[in-house]
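Shown next, in structure tokens, is the structure this report addresses.
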Amino acid sequence: MDYENSMRLEIPSKSENEAFARAVVGAFASQLDPTVEEISDVRTAVSEAVTNSIIHGYENTHGMILIEASIKNNLLKVEVTDKGKGIEDITAARQPLFTTKPELERSGMGFTVMETLMDSVDVFSEPGKGTRVVMTKKFNSIA
Amino acid sequence: MDYENSMRLEIPSKSENEAFARAVVGAFASQLDPTVEEISDVRTAVSEAVTNSIIHGYENTHGMILIEASIKNNLLKVEVTDKGKGIEDITAARQPLFTTKPELERSGMGFTVMETLMDSVDVFSEPGKGTRVVMTKKFNSIA
Amino acid sequence: MQLNLKTINKTLIVSAFGEIDHHTSEEVRDKIDRYIDASSARNIIFDFTGVSFMDSAGIGVIIGRYKKISPLGGKFAVTGANAQVKRIIEISGILKIARYYDNVDIALSNM
Amino acid sequence: MQLNLKTINKTLIVSAFGEIDHHTSEEVRDKIDRYIDASSARNIIFDFTGVSFMDSAGIGVIIGRYKKISPLGGKFAVTGANAQVKRIIEISGILKIARYYDNVDIALSNM
């Protein structure tokens, strides 16, 4: 039987919304009857992507972040989109330890964390236009 | 000091999203450092409004529900909007025990619950166009 | 939605677990009605000890079951509600048709 | 973000409570740095027993403190992480610069 659901959340780029964003996607994913670990992985990956939009995309100025999630059977897709400054070199940005904000003590591990915890991570970005991170994860709890 | 935040959530009119919608607004309201009772009140009111959009607005057909919430200092505003069938007589609809779906064992207490638990409830509706319920609640936990 | 149903002295004790809303209420209703039809229960105790959340959909379920058993002269009680559920029960006026008891044992001794 | 800081035998024990992300990390960082500057601590134990969630912002905090104390020859340990926090610690490669111990007592006896 095919099961489908979706959500679309818009929030302002405030750092207190990092916790809110991961809570929302975690609650959405809970329909998949996930294990604690699966939910943790999704919450962590969302936290990384949303934080990046706040710090790097909007550089702590005001902007909106769009978080879309959809479920198709046991596959979760999460997209985090900002209209911020964008990424010059996506391949470089995805390298472990690469960061353009060392002064903020960023570890450069955000993309690495997303890639490790999710099954796929795609990054679409254009300097001056914004960034979209598309992540998927297959949940094993329901077949 | 002025504190502001907002969120905008769109979900399809599926009954399993009733629990998700109240969880999201509950998580959003938790910034207000609420009491357990304040959070319960908001969760319950959101559950009523979203359920009404699903059952009465879209009559269990497919449609989108928009849930907007904003915080200004200690005031929470929640708006639930559907593009469903609308309400002919809003005054009648708000009466306790009034329901157009007795066959679904609706108690007709939805609006009464919202009015009791929130500080204000405004209903805007046009037959054939849709319904918007606007609710506010002042949280006492932060001054 | 987990539901435990058992009969003691012609009183059906319904113990629900989880959240009762429109989404879960249909299953609750169907299970109770099938049980009532197959049993000799006359009275009903709704035990909410395991219910973390209920909205007016739950009220509809309670009133519906009341309508089903009251013609046969059955008694009706609710027990074990947390603060949120109690609030809904109070707002709904259900306490005009059902008595509230702290727990199932006290309710049973009043049936 | 609640933080408990204490020094035992020149080892600073940082016990954090709650969720460590970009939003909360600044406060964590500032509190630790002020404490280090005012104390005679040489080593640091990060105790995560009270931390329910951490993302890579927490890694930044740990590495930053490591850079602060390592020139003085200090030792570095992390303890008490739940499964989610442990995952982040593993992914980050932090275990190349810090040892992991199950609890603070064991960590202390290895400082």
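By written order: A, B, C and D. Residues from 1 in each chain.
Criterion: a residue touches a chain if its C-beta (ideal position, glycine included) is under 8 Å from a C-beta of that chain, and two chains touch if they have at least 3 such contacts.
Note that the structure is a prediction, hence the values are computed from the model and not measured.
**Student:** Going by the stated contact rule, which chains contact subunit A and subunit C alike?
**Tutor:** Where subunit A and subunit C share a partner, that partner set is B.
**Student:** Could you work out which chain's C-alpha centre is the most distant one from the centre of subunit A?
**Tutor:** C
**Student:** Approximately how many whole Å separate the CA-defined centres of subunit B and subunit D?
**Tutor:** So the centroids are 43 Å from each other.
**Student:** Could you work out how far the Cα centre of subunit C sits from that of subunit D, in whole Å?
**Tutor:** 51
**Student:** What is the distance, in whole Å, between the centres of subunit A and subunit B, each centre taken as the mean of its C-alpha atoms?
**Tutor:** 28
**Student:** Return the distance between the CA-based centres of subunit B and subunit C, expressed in whole Å.
**Tutor:** That gives a centre separation of 26 Å.
**Student:** Give the residues of subunit A that touch two or more other chains, as numbers and ranges in rising order.
**Tutor:** 16
**Student:** What are the touching chain pairs in this one?
**Tutor:** Here the touching chain pairs work out to A-B, A-D, B-C.
**Student:** Taking the touch rule as given, give the residues of subunit D at its contact with subunit A in the complex, in rising order.
**Tutor:** It comes out as residues 19, 21-23, 25, 29, 53, 55-57, 59-61, 63-64, 83-84, 87-88, 91-93.
**Student:** Write out the stretch or stretches of subunit B touching subunit A in their complex.
**Tutor:** For this pair, the touching residues of subunit B are 5-12, 14, 16-17, 20, 23-24, 27-28, 31.
**Student:** Would you pull the subunit A residues touching subunit D in the complex into a rising list?
**Tutor:** 15-16, 18-19, 22, 36-37, 40-41, 43-44, 47-48, 51, 54-55, 96, 104-107, 109-110, 112-113, 116-117
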